[in-house]
Amino acid sequence: MKLFAMKKVRKMIAGVAVAGLLLSVSGCGSTASAPASGSGSAQSGTIGTAKIGVVSFLTGGGAAYGKAIKQGLEMAKEEVNTQGKVKIDLLFEDSRGEKNEAINAANKLVNKDNVVAIIGPTLSGEMFAVGPIMNQAGVPIMGTSTTAEGITDIGEYVFRNALPESLAIPAAVKKAKEKYNLKKVALMYSNNNDFTVSGYKTFEKAVKDNGLEIVTTETFADKDVDFSAQLTKIASLKPDAVMVSSLYQEGALILKKAREIGIKVPFVGGNGFNSPQLIKIAGPAAEGAIVASPWFPNKEDAAVKKFVSDYKAKYNEIPDQFAAQAYDALKIMATALEKAGSTTDRKKLRDSLAAIKDFQGVTGKFAFDAKRNPVMSATVLIVKDGQFSELK
Amino acid sequence: MFWQQLVNGLTLGSTYSLVALGYTLIMGVLDIVNMAHGEIFMFGAFTGLILASHFHVNIFVAMLGAALVGSLLGIILERVALRPLRRRAVSHLAPLISTIGVSIFLESVALKVFGPESQAFPQTLAGKIYTIGPMQISLVQVVILAVAFGLMLILRFWLARTKIGKALRATAESTETAGILGVNTNLIIVLTVSLASGLGAIAGVLVGLTFNAVEPTMGMSMGLKGLAVLILGGMGNITGAMFGGLILGVAEVFSVAYGASSYRDAVAFGMIILILFVRPQGLFGAKDQTGGR
Amino acid sequence: MDFILNPYYLQIGMFIMINAILGVSIYLTLATGQLSLGNAGFMSIGAYTSALLTLKAGFPVYLAIPIGGFAAAAVSAVIGFPALRLKGLYLAIATLGFGEVVRVVFLNLKITNGALGLSGIPSLGILLGKALSSAGFDQGMGGLSVQQLSNVSVLLILLILVVFLVFFSLRLSRCRVGRAFAAIKTDETAAEAMGINTTYYKLLAFLLGAFIAGVAGALAAHITFYIGPKDFDYHRTVEILLFAVLGGSNLVWGPILGATLLTMLPEVLRAASDYRMMIYGAILVTMMAFRPQGLISEETLRFWKAKLGRRKEHDLNS
Amino acid sequence: MLKINSLVTSYGSIKALKGIDLEVPAGSIVSLIGANGAGKTTAMKSLVGIIKPQSGTIVFQGQAIQGWPSHKVVGLGVSLVPEGRRILARMSVLENLEMGAYQRQDMEIQADMEKVFSRFPILAERRNQLGGTLSGGQQQMLAIGRALMARPKLLLLDEPSMGLAPLVVAEIFRVIQDINREGTTVLLVEQNVRQALKIAHYAYVLETGKIVLHGTAEEVAHNPRVMEAYLGGAKGMK
């Protein structure tokens, strides 16, 4: 390798020279990444059209979530555009659940399409990669489904309206313990998904805080379909309840298999259980599944009822929490834009987002705390007669 | 619990075996790993699902329909992705890549056509559970075990006794020799690929039925497991595929039952790495085919 | 200029460079005719090693990255000895299996934070930005912001690395080691009979490939702030393989062109987002049917050399 | 019966056959002799469609068959006993013979099988053994037997004596003569020139892809060049 030494040095010199050249030529300046200065002049009640980028998991394995998010956002967009002072233009980009693609998608939206803010990406892992770049570039970014710990620690431009499981899960565990007099429980979680692992950690802590004994902890992976081995093991240990941190698909299959092999105890789920799909796939096996959620489609609330019926009319589905949170996210964004009085100024938008308080969305009353995490309350739900209803 | 877990393992394993059979047949005859096999498996599952839920056919008719669709896909695959490469002296990488291309294509078509959500079979067989001694076995499990073993036995018999089966084995050994004996080897290759794909499609229905989830990406993970079985049992070895699948299924289930479930996915590939180092020809491979292909 | 300095394109440029490095890593093992599909695994070892060293042990980035490479090489030495007894598809699937095992191990280790991955990894761009600021460029330079300046510098560093690797590979193919590689690729038995220590050279190629993949992984970790086991799964393995196959694996230019095209392709096809994976798959099938040797082969090079005259030749040798 | 006209076959850019002409009259034994690498096997492979010839014609019983796939050529009644015998090692002796009769649908397959067994009794003994476990000589017998199972009109033999003990070679050649006497035309490719010329009626000498000499076996055997190059000097053929 010695013989390279000389040439390496020469190459490096050449490299530096090229760099210098590049820099001197670029004297013409570049404002591509800087937002155009805000046109605050509000004419006849509107402040113009805001371009908002969406980075979402639209194709590939997790596209089901991306789809729900997209539908939620589009519903919100239509409503905002027909009634609000601000018009919104949504630009969707697919991340395929890959962090590099998410980075590229976000960069494209910001630097090519010049969006004012970004909603997404879908996965916490993607957010950990995209967040710092957006934060550095000064673009507000809001996750609607990124529940992992530490997301908003990335920086002051990073927001989320996804209810962290640290709020939801303890509520569910506590309620279930009181209601069913639980003593020992089994834990199950999908171990290759940041979202469910984070949920599992919260479960573990909540279970310990409630003084429950953990008889076993079993794992599986996303997209697994066979849970018979884990459940057979759990059945033999006879726990009073099973706590599951998974996405709805695996959750539903677990419920089905568990009921089939005769596990009749209550199942407490993480955020992933909170989907009509869970009931659809698991059918009668879903009965008795417990979950805490900010989103409750059967809530006695006019806004919720309207949202559910509109959504059903449009997409022939009941909205799940991904759709609901995405719907709220865009509404929050629109409110912040209105307050900021600009559709292009990212700094103003960030500040007005951070100041959001007492926002009434379909997922309940909402505010950002000092760390840009949501402040909202969770309802504990139980599946009864094929529907989510409040566990009282 | 042991017996129950054994049943679980055998059920899982028999699906692996069926998937691996498809790989093995194509590997044996063409010396190619068909990376699109998992996606054909997935299309089979969807065909079965559509037949069962929209046309309310009997589950065995659904399997037949899936097998037909699978075979058809196999024929197309052979025409589009394999035959153009066969005439030329290309590296053994080319068909690997070409079939990877097909697998990516099929998966994205499925995502577009069927949507990303997981779908379930109508509850035709579910619910019935038999208790035999310490074991509980569901009707679905009985069906999958019976169909898997039945198909494997038929395949074995067919290969050993029928004229076309023998022609297939001859082609597997040497395309050239089979040709000069009068075998239309192109036809045999098409037949093999479509047969393998048909089996894969049936496996898809069975897996969809047993585990009640059919979705576009299901082919990928199953495909990887099938590959593991291919190595475990010995490439191109039918017996190896059958027992390799069962062994893998049981090993995975037992790793959950008596070990840590989080390492379950490492079991499959850990096993094949071990096998390759200790016995590269696979558990059932003949000595003369050691790794030196 | 605006066009080139757009962070979007700069970022894609960085990914192209990282992928080009990965392309070189698979090219080196392919140069001996060994198809190793473990590169994603080695990449993850490099990435995690470097990320953990900087995050937990406070190592400086410039030291942690090569250590990541060495860690990958060390692991490759351990598995290389038994693995290289296998040939063709057997080696391919064994190394594919190795990659899966590595992924599952990272998924289960406490220090790697499982599926949650490692976030907040010190970024090359930000570090360079800080360095530039402290060097007095905090107002930027020549109309460029510090951020752009640091991005450009990162890209340049990567570019230099790629150029060096290409140069290294070209040099290699002209010296004794390279000729031994070629002999093994053509006919291993014959090479052995000629007195070439095939095990040694195969292992060397394997080690080099792993080292470079490890470095690429480490670089990727310090460019994207975050790594998780998912980044190094089967899909990544296939992607790396495709660089070599699409571009052509006989010359080092092949994988580099492959990496460039395949990194850009999804971006170009963004408009057709719903159909982009379909197009991607179709391209692969078509490629194999019409040009299985990849886009660049010796003939292509000869053709262009003839066309461009001796100048090109000179450039390649410099 | 078989007529080859200016047949050219190449591997990539290398021409292995540079335009050969050859004729096999019905009922005869024609021998194609030449050294290693002369193109003998290439000629055989081109004949049965394993390799596609580049140009030239192959006419079998009035039908141009160049470029046909192997299985169609076999269908016309041409069987090849390939170089190196190419026994199906993982199939039994019986199955190998059955594969020989692959295209036949008639009822006499069993009878033909018995005929092969009576011609090569050792095969009958080992009928259930795997092909790969047979000795070289037995494999050659099996290869010939397998080719005969197709009831060929023209039997092509590629180096049947290769690697066999002299006693076995003599046995094989005796069988070839028998087969010919029973009415099958034979095209024999051999390096064992002495033996080949002994049983052949006509002979062609192939050198580096070209026919350099042809005539009756007698003529060829007495050609000084042949005697020099293949038969070990003037004493060669008595």
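Here the chain labels run A, B, C and D in written order, and each chain numbers its own residues starting at 1.
As a working rule, contacts are C-beta pairs under 8 Å (C-beta built on N, C-alpha and C of every residue); 3 or more make two chains touch, one makes a residue touch a chain.
Quick caveat, the model's predicted, so the values are computed rather than measured.
Participant: If you take the chains that touch chain C and keep only those that also touch chain D, what is left?
Facilitator: Chains in contact with chain C as well as chain D: B.
Participant: Could you work out which chain's C-alpha centre is the most distant one from the centre of chain C?
Facilitator: Greatest centre separation from chain C goes to chain D.
Participant: Round to the nearest whole Å and give the separation of the Cα centres of chain B and chain C.
Facilitator: Once rounded, the distance between the two centres reads 33 Å.
Participant: How many angstrom lie between the CA centroids of chain A and chain D, rounded to a whole number?
Facilitator: Here the centre of chain D sits 74 Å away from the centre of chain A.
Participant: Give, as an integer number of Å, the spacing between the C-alpha centres of chain B and chain A.
Facilitator: Here the centre of chain B sits 36 Å away from the centre of chain A.
Participant: What positions in chain C touch 2 or more of the other chains?
Facilitator: 107-108, 274, 276-277
Participant: Residues touching two or more other chains, restricted to chain D: which are they?
Facilitator: Within chain D, no residue touches at least two other chains.
Participant: For chain A, write out the residues touching at least two other chains, lowest number first.
Facilitator: Residues 59-60, 191-192.
Participant: Write out all the pairs of touching chains, ordered by chain label.
Facilitator: Chain pairs that touch: A-B, A-C, B-C, B-D.
Participant: What does chain A use to touch chain B in their complex?
Facilitator: 59-64, 66-67, 191-192, 218-221, 223-226, 228-230, 232-233, 236, 249, 252-253, 256, 260-262, 277, 281, 283
Participant: Could you please specify the touching residues of chain B with respect to chain C in the complex?
Facilitator: Chain B residues touching chain C: 33, 80-81, 84-85, 88, 90-98, 100-109, 111-112, 220, 224, 227-228, 230-231, 235, 260, 262-263, 265-266, 268-270, 272-273, 276-277, 280, 291-293.
Participant: Which of the residues in chain B come into contact with chain A in the complex?
Facilitator: 1, 4-5, 8-9, 11-12, 108, 111, 115-120, 123, 126-127, 129, 136, 138, 207, 210-213, 215, 217-218, 220-221, 252-254, 256-257, 260-262, 264-265
Participant: Over in the complex, which chain B residues touch chain D? Could you list them?
Facilitator: Its residues touching chain D are 163, 166-167, 169-170, 173-174, 176-186, 286, 288.
Participant: Which chain C residues qualify as touching chain B in the complex?
Facilitator: 35, 82-83, 85-94, 96-98, 100-101, 104-105, 107-108, 234, 238, 241-242, 245, 249, 274-278, 280-285, 287-290, 292-293
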